[in-house]
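Here come two complexes built around chain A, the first alongside chain B, the second alongside chain C.
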Partner chain A sequence: MRLAAYYWERTKRQRPAMAGLAFIIFLIILAVSGPFFTVSPTQVNFDEKNIPPPGFTLEQSIYNASSGGFVTTVQRGTWEHPLGTDGMGRDMLAMLISGARVSLLVGLLATGIAIIIGALIGITSAYFGGAMDSVLMRATDIFMTFPFLLLLILIVYLFGSSLTLIIMAIGLTGWTGTARLVRSETLSLRTREFIMASKALGASHLRIIFYHLLPNTLSSIIVLATLSIPGAILAEAALSFIGLGDPQVASWGNILNAGQGSLQTAWWVAVEPGMMLFFTVLAFNFMGEGMREAFEPGGD
Partner chain B sequence: MSLRTYIAKRLLHAVLIAWGVMTAAFFLMRLGPNSPADKYIASLGAGHNVTAVVAAIESRYGIDKPLHEQYFNYIASLLQGDWGWSFGTSMPVMELIKTHWIYSFQLVLLSSIFAIVLGISLGMFTAVKKNSRADHIAAFFSFAGISIPHFWLGIMLILIFSVKFGWFKTYYDTSLPMLSLENLHALTLPVFTLGTGMVAGYSRYVRSAMLENMGKDFVRTARAKGLPERTVIGKHVFRNAMLPVITIIMLDMSGIVFGGAYITEVIFGIPGLGWMSLKAVFADDYSVVMAVTLIGAFVTLLFNLLADIAYIYLDPRIRYE
Partner chain C sequence: MDSENGDKAILSVSGLRTYFFTKNGTVKAVDDISFDLRKGEILCIVGESGSGKTVTALSLLRLIEPPGRIVEGKIMFEEKNLLDIPISEMQKIRGNRIAMIFQDPHSSLNPVLTIGEQITEAMTAHRNLAKSEAKAQTIELLRLVEIPEPERRFHEYPHQFSGGMKQRVMVAMALACEPSVLIADEPTTALDLTIQAQILDLFMELRKKFSMSIIYITHDLGVVSELADRIAVMYGGRIMEKGRRDDVLKNPLHPYTRGLIDCLLSESEKLASIPGTIPNLIDLPEGCIFHPRCISAMDICRTERPGSSKIETEHYVYCFRYGGR
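And now, the complex of A and B:
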């Protein structure tokens, strides 16, 4: 715990990292509290389609059933929909908050899965060495060589696009970087005196791995995890963008996909989810980079 | 170990990895619930004996054989240069790739040139002007460049430059002759979309590699003997800084470019390998997906190998084992 406090002190001095952290906390609060103050993100209302955000106007031709002709109306933004509505009249704010929930869920859970798999493979590989090491590292090489996005697309297409499966798929394909890092860190730790001493005292493999090796690689794992979250978020967004996202939930990629189709009329549908995606990724990158600098020994 | 043995060993390793990727992809695709015959039957319409048609298709393409037999048949035909038959487009996969690869290639080539030239210049400039205002601004922009989702960047570029200003078409026009200014003009937005993240990344690598070398003794010696700053930076620092950068750029080629080019092609409707393979995935056209997966793996392995060899040639101090 003392070490955690020390790292926190050093991270606190990195201003961009703190700005990133503030944005992420804001996003988490929004994602958790969103359902209590917004309308349902999937509620369709064609009477209110393509309403721009307040301050903007949009000319639309709407079919009038009683006169049998098209009437040109000027849509004005209202504060009822502070970020406008999409082509199906769904509230953009509600959809963006739902998207924040999806992105955070994917980013944290998929990275969590990837980190756990990667750390276990990396440590096993380095600690046992020999044939185990070569087999695991060749497997890592094969995974790294596989075109990542195509593999994801294939898995999600073949086994159905539910959010759970997408998270699993991103986690199960994204562990190679962690495995390599943890392996190289463990290799340099393996022959250190305290590990030798522990071995000599008769500690089991599991004890050495979980009490000595893992805690000593933790700081690099945490930095790598933070920097991997944007990749997971972007992977889900890319999948949703090409139409392989979970159709049950509004995610930033889904909205962006719909937005590309309506660029000519409703520009805000494409602009807003992308902005959210951009700032979220930027926030995690700032935080990860700041932590990397803070965690570096002696680097002030 | 001689250089030749080293390269031979690396080649063997690459072949092993390629085989692993191929095997994994093969069985992954066969694990899926869909048969390539399904989509074909859906297009047949009523009035056909479905069971007979499925049986005919499956025996024609050998899908009715046991899995291990299919696997060995696939390897055998692959070794003879036969990449299989595309159900979705009714042509050999090889022909399909021959018509589509050039679109990916031109996009990747132009983006790489754009990114390398701009990334290296920006990296050099920010290293020389370390901690200046320009350096901080560049640092901010490169963070933004790394973080911006390139599919959103592409859409925003279309929104601003195609929809609002009308300078470009919203879609890539395939009717243009490949080597023409019109084609170059049509590729502006896609190249910018794909290249931005690369520029941002490369400029950071170059900057840190330059700064690392600037503090070295040989640089101080060069300055002390009165060489002009131009020569010190341009020759002594730059050339040494380029060593790690070249490797990183080569390794990136496969990763960022292959992943990024994929989506860029989809956004702009460029009929390259990425666009083609996405269509193939949705059409259950497995032999095409297999082929693109293998090409992706080959490109990655090739660049990894080239990076290793380039490193040995550029830096004689490197010892290989």
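And now, the complex of A and C:
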């Protein structure tokens, strides 16, 4: 589509957006290819606990089986574990890559669910107006005021914790902003003459919604989606951090949680997933901002 | 209610009233109008802004949105009263049997879709066509409305078209299902004069080619004199005078029609005008709504609404000066 090519040209000029995009692509490649070159992220080895990244050292006492006591040794980082190991001897690189997979999955899927629900509710609300609009928008208001983290905690508490459930929960609670944005855009679109012209030519409601309204709101939806991915990622990290994440998978949130106790000694266990979260969120934000700028009319 | 030679009419409107129920009161945008449209003829509805021309057109397709509502009337088309049929059936008539072209071609096309997609959409809304077939027919239509290089233009977006070309695209969309009635709501108002003439030629040609009936809405008497077979003059939501073109233009009877024509043909230095302004449609004057501005108003005009008087075959005027009871 020529329009897409045009927007790509304009987005390309936004440097931070391109840096963000490069980082995200890099992350996706890592997440997909990770299992082929790293050890299992769940492989525990207490002999190799708290190994620092290469170039750093850590003084710690290790139980020595032959002498039957603790000896203090200086741990040196090795290239076998380029990002070190955690308190249970698990490879940090492998865990971070597993975490990247979790974060991307949550970010993309949960946002996808939220955007689809939000867009449908927003368009329906604005297009039909009247009672439909009132009911849907009051429902949105209620959803908006509801403390979302509390709801997530409740859901996880009630139904147990699995990644699927967390994705669903974040998606099903995160659509309100999209609904409002899409509604306001549709409100101005529906009075445009081409909607009336299309009706005059016999287009059905469904046809108008999916053929005329949706494509015209798509640019804002894409921008909003990109900007809400970090929210979803952070929500999952927050849940994992307070111990309500999926215990079966290594995610940045629960690595961070595990590392916070040993921040004074094995600082890398907490700092590394923290940095990953920071850069990932930043990358999506840069990209979203850049696209917003590019999609804005009259930017040339 | 007047009785015209309704037997030949393809579309027959009688007693149509469309009101808008606003917070400030009821706006009687269309208030008891009747007219017939015959096969292959061009009926021009003439009137100034706010006289109810567009609302009349939208009412024919039942596209009036709240707070507006068609309160009363009958729109007979292909032996059905369009006001009685369910909305799903109405949808099958829109675009398919009766199509409409809007005033501003710049805003009547969806900016994010190519014009090819949009014409194809109009075509497939009512007909089952294979994609390649629809595309071939769309290109044929573009050629018909005289858009050069239709194969290339098919893939272009509305912003790559000039105003006149966009209006041709709109005409092509309206013709996509070969409707028997075409409603054109001031289709040339947003275009400049030379383009306007070309579009008018196009309408004349289409009428000849498809023996299509056209309702052409305009405020431009110049256009009317060129295009119309018959004319209905509207003022304040009512029809003031209607009849064959030459009857109405050469022998205007209603003081309002006369005033309109004087505005156009005034030979004196000063441009003639009708004193006063169009009435507030919420607070309509009693009796004939034109009486406050009428130079020959009588006492009865202030209290009673005039009915139609038949002057000649098909020439009707709503004025007490010619009977009107």
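Descriptive notes on the structure:
Basically, the second predicted complex is superposed on the first by the 299 of 300 C-alpha atoms of A that agree within 3 Å, B and C clash if a C-alpha of one lies under 4 Å from a C-alpha of the other, contacts with A are read in each partner's own complex, and residues count from 1 in each chain.
We take it that a residue touches a chain if its C-beta (ideal position, glycine included) is under 8 Å from a C-beta of that chain, and two chains touch if they have at least 3 such contacts.
This one's a predicted model, so the numbers in the text were calculated from it and none came from an experiment.
Steric overlap between chain B and chain C is absent once the structures are superposed on chain A; the two fit side by side. Contacts of A:K12 after superposition on the shared chain: neither chain B nor chain C is touched. In the superposition on chain A, A:A237 makes contact with chain B only, while chain C stays out of contact range. Judged by the touch definition given at the top, the superposed model places A:P215 against chain C, while chain B stays out of reach. Note on chain A: of its two partners chain C and chain B, the one contacting more of its residues is B. In the superposed pair of complexes, A:R76 makes contact with neither chain B nor chain C.
Figure note: vertex chain A, arms to chain B and chain C, all at CA centres after fitting on chain A; angle 90 degrees, rounded to a multiple of 10. Of all C-alpha pairs linking chain B and chain C after the chain A fit, the shortest spans 14 Å. The touching residues of chain A, counted against chain C in their complex, run 2-3, 130, 192-194, 196-204, 207, 211-212, 215-216, 218. Interface of chain A with chain B (complex): residues 16, 138-139, 141-142, 144-151, 153-155, 157-159, 230, 234, 237-238, 241-242, 256, 259-260, 263-264, 267, 270-271, 273-274, 277-278, 281-282, 285-286, 289. The part of chain C that touches chain A in the complex is made up of residues 61, 63, 66, 91-96, 99-100, 102-104, 107-113, 121-122, 125-126, 155, 157, 170, 173-174, 176-177. Contacts from chain B toward chain A in the complex involve residues 13, 16-18, 20-21, 24-25, 28-29, 31-34, 143-144, 146-149, 151-152, 155-156, 158-159, 163, 170, 255, 258-259, 262-263, 266-267, 277-278, 281-282, 289, 292-293, 296-297, 300-301.
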